[in-house]
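Some notes on the structure that comes next.
Chain IDs A, B, C and D follow the sequence of writing; residue 1 opens each chain.
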Amino acid sequence: MMKEMKEEMQEGMKEEMQEGMKKEMQEGMKEEMQEGMKEEMQEGMKEEMQEGMKEEMIRGDTKGDTSGENCNKKKVLAIDAEKCIGCRACSSACPEGLIGLSEEGGRRNLKFPESCSLDCERCALTCPEEAITFVSEEGRSPAFSGSRTLALGLMACRKCSASFATERELERVRQAVSLKVPLRPGGDFWMELCPACRQESFREKEAGAILRERKIKGNL
Amino acid sequence: MKEVMVRPERCMGCRSCEIACAVEHSESKSLFAAVGESPSPRKRIYIEYIPEHAASVPVTCRHCEDAPCTTVCPTGALSREEISRKVVHSPELCIGCWTCSMVCNYGVIGRQKEARVAVKCDLCPGREVPACVEACPTNALVYAEVKDFSGIKRAEAALKLARGMKPGSAL
Amino acid sequence: MPEAVYADLSRCIGCRACELACERENKSSRISVKVLSGLAAAPVSCRQCEIPLCTAPCPKGALSCENGKLEYEAENCTGCGLCTLACPFGTAVLRAGIIERCNLCPGMETPACVATCPAGALIYTEPGSLGENIRQRRAKRMNRALEPPAPAGRRAE
Amino acid sequence: MKTTEKRTLHPTICPYCSLGCGFFLELEEGKAVGIRYMPEHPVNEGSLCPKGNAAPDILNHPDRLKYPLLKTENGWKQLEWEEALSLAAEKLGTARKENGPNSLAFLGSAKCSNEENYLFQKIARLLGTSNVDNCARLCHASTLIGLGKTLGAGAMTNPLADLSNSDCVFVIGSNFAENHPAVARQVLRAKDKGAFVIVADPRLTPTSWLADLTLRLKPGTDVALLNGMMHVIVNEGLLDRNFVREKTEGFPGLEQALQRCCPETASRITGIPPSEIIKAARAYARAGAASIVYSMGITQHISGTDNVTACADLALLCGQVGRKGAGVLPLRGQNNVQGACDMGALAEFFPGYGKVGDAEAAGRLKTLWKTDKLPEKPGLTATEIAEAAGKGKLKALYVMGEDLVNSHADSSRVREALESLDFLVVQDIFMTDTAEYADLVLPAAAWAEKEGSFTSTERRVQWTDRALSPPGEAKPDIEILLLLAEKLGLGLPYRTAGDVLAEISGAVPSYGGMTKERLKKGFGLIWPCPDSSHPGTPVLHVGRFKTPDGKARLIPVEYQSPAEIPDPDYPFLLTTGRVVLHYNAGSMSRRSKALLEKEPGLFVEIHPSDAKAMEIGEGNRLVLETRRGKTEATARLTGKIGPGVLFMPFHFPGTNVLTGDALDREAKIPEFKVSACRIRRE
């Protein structure tokens, strides 16, 4: 399951990456994007495809801000795809909303910028899994190479079929909860339900208890 | 399964069952030592006094079939034992959400303050007859299968009829 | 003494006054009531669990539990929403990066939903006393069943 | 939202239903910002239903009327008060001069205070017409008449809190769990003490959830059920013979009439099994103290007065009146519908229920009002006013706080009637559908923006102070009326609501001991309170009834079928009622975002078996049609109602396009509860 997912993820990323690259090429090179770098990236990409992804490094223009001092402070985001559970904390933490979120086709997509010129590092600080690190541009290893998007598999609610959390999030929650209370079969039925359906399932069970006591006749 | 059956007309409200229950569920199982124990022993049977009728009624877990408390328990702390058909509570699974207490139609799920978990009747595992039944001086509590209990009630009713008494009155 | 908003389910008339009251006090409602197939209604809100599972996955300790009292520090909250997934009742909601759940209306003697409940179905109490009313009712019903059927004519006053 | 130093609390009474629940309005810089509860209030004990919780929404609403408006060819034109009132006075004056005083009509408001309604009817009667009425005509006119002729007073006999002392609560035609939710807490309290609750209603409602016995009768067959129960009680000797002998008259007639009403007959008409009718009769009659709670399910029928009479008969037969926990409790509609009636905003009654036409009653009023002429004949009732307007008999109509387009039956005809008027003034807080027809719209103050007294359904008269100012140039109704009276040259000598109340205590005997100071203390006074040392009378009819000889009347009534019964053309029986989240014509509740979000539009309840036969699914748009009009609604499939029956709430425009205008012959209340109807998918 996990393996399949990863493969799919890689597929998705490759596409994304290539598309992104193409676009950039068409647009013409950005000032700071040197020939060498481009080559490096393409090579890195190739390498990655062969090896399987370990770390992604994403690089791109940050809102086209290329001039002045910001440029010098530009840092590169390194995302640990193994660690990321897709919880969205980074996305809500980023003051500029640079980390994109979308859900489709049973996947939650997190779109990271390649680099960031803000000096807050809130995304890294907030990440519960410590999946985000910053490296300076100079220190960037050639192995780092960019994809923009992580796609994580979503769980569908057993009742309403709406996607409500990533598989990794739920796995993480299950682990944490088990430390408080051992979850036995039947004692985790709510894990497969979205929060709204959890409320509904308790409502139904509770109402069921009083219905037996209720003396209403009628074919409801 | 055998259950604690109640004959409320016989209850005189002495609360011996409550004390026996608490003692049975104490560490020491002795009345004098139990008083000082921590966590303090909790009773699982309740004598309800009805002032309007100056009557007392013992209320205890009915170990319902398809018990609401087991359906709502989110962690499976409350469950029905397949063989004995008892509704049992595992404190290590209890998160203290008290949903069981809300849905219990008898109000017999209590709270162990120190451990912050639910407590309910377990029919005294290891005893042949639950402590409350043994302690009841008027036999208002009977430990019996439902069908046997009906037999007891029938015999009683026949006796009352023979003596010209009202069906609901105490013998 | 840990306390929470519980319901005497047999009393709920499904009027949703609690939702309105909560909405007014807290901008959005943290309690929800629905009528099920026209025969019963039940309110669902945070149960203030003694061992709150919502705190379990919290990465920065924004949600914590001390002596049965659940605390939430918004400044430590990463907005990751894992708590909403760990709550069996689905009553913790992530809205605009903040966790919204019943906080028992701090500053009010009785939470708004309890104060407003016209049927007296919502109760703000210590959980150990939850069964008291139900037991009394049950005992009365059993006692009444013992009474021999009244003879024809007015019952003595 | 916490109460901070900037915020002040202001005690007030809920403006929605008739229970008179108290709460505190939270104010900041002259704006209503929230609510605090009032646990010490004897009626609601702090609780509030959803509407009460949403009450402040009315005060700050952007739709509030802020200026007098005149209808012109180019739309509404803003007027100065001076101009507006002169115009109103002139038009009313002209119509009176040219066509006589009876070409004028006045519709008072059960939402306005006692003082305002008193003034309103006084202005009408000083102008020489008794064409003054209020919306009680549409909800509990049958209670006034029915309880008036049996018990001697058309009001609730016991206070609400007394319900908790009943051993048996018989609820018929009332869904109090939705319409008067705070009553549920008293009934539940009675249940906790072991009371037996019977609910008779065609629908299964949240009120039925509280029942130990539910009787699902066919709409409009209440008399048959009540007669059936009384038959059992008389036959089995369960009646209170001493009570009947000593305190009532007319038993032989009733006994004879009941002979024909055996439970089997009742069962055929009502659809309830005979065994259940017998069970209900026994439970009610044997109870130590039993109460009857009823509401519009009883009153809004062509047999409304008969229904009420039958309820009273049942209570009298079993001696279940005039004691703690034993009474007849009509739950009324609007927050001051009891008061508006007490004040004589009724076509056939002067203030204090002196009959129009009764020389003695008129004489007393003439002395008090220092006038030598008062109308001698009863005027047109609310329903007749609309009819007369349609026929061109009325020239000018003054409407104070009433949306008759949505609240009256057969609203298409009401619309036509309003159009045919020469002059229509509407005084309201919002631009209602009725106000759209007006020539002149006067902006009024809402409940917390003015002072005055309100009488709740349990006869509790409570005073509210002004908490904040009305928006724009809107004025309290009382100020508007006083200014108008001045323009009309009536010269009424009051400055404040307190002055008016002082006159009321002279005009209405049961308000004799009420002053502003006394009403403000504690939680008001319960009438009758005849003098300044009287503590009020929570329980009516203790010892003697309010009839001349002190005895109640047992009056036999016979079942009559509704005016319109389903036939092959119109095969469904449509009944109407209320839902918990909205209120009456909806001009207030539909403007609360929180309420509207939860119940956004008009729906119709249909039984799943009917829906299946007609291939109707949940949420389908349906067209409903009666002999009077058609409307659209969303289908809701539910077994809450029986097959062949449809239910619609009347809070949205549309419902009353369908309802019939057949009237109860005595109370003139329309039969809102039964119409023959057909449906199709859109």
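The rule is simple: a residue touches a chain if its C-beta (ideal position, glycine included) is under 8 Å from a C-beta of that chain, and two chains touch if they have at least 3 such contacts.
Not measured: the values here are computed from a predicted model.
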item	value
Contact-richer chain pair [A-D vs A-B]	A-B
Centrality ranking, top chain (CA atoms only)	C
Chain centre separation in whole Å, for chain D relative to chain A (CA means)	60
Chain B-chain D separation of Cα centroids, rounded to whole Å	51
Whole-Å gap between the CA centroids of chain B and chain C	27
Residue numbers of chain B (touch at least two other chains)	74-75, 94-95, 99, 102-105
For chain D, residues that touch 2 or more chains besides their own	193-194, 204, 209, 638-640
Set of chain C residues in contact with two or more other chains	7, 9, 37-41, 51, 53, 88-89, 133, 136-137, 140
Pairwise chain contacts under the document criterion	A-B, A-C, A-D, B-C, C-D
List of chain D residues in touch with chain C within their complex	1-3, 34-35, 37, 39, 44, 46-50, 52-54, 177-178, 181-182, 184-185, 188-189, 192-194, 204, 206-207, 209-210, 236-238, 240, 285-289, 318-319, 580-581, 594-595, 598, 638-640
For the chain B and chain A complex, residues of the former touching the latter	68, 71-77, 79, 92-95, 99, 102-105
For the chain A and chain B complex, residues of the former touching the latter	180-190, 202, 205-206, 208-210, 212-213
Touching residues on chain C, where the partner in the complex is chain D	11, 13-17, 19-21, 23-25, 35, 37-41, 107-108, 110, 112, 115-120, 133, 136-137, 140, 144, 150, 152-157
Residue ranges of chain D in contact with chain A within the complex	204, 208-209, 211-214, 216, 638-640
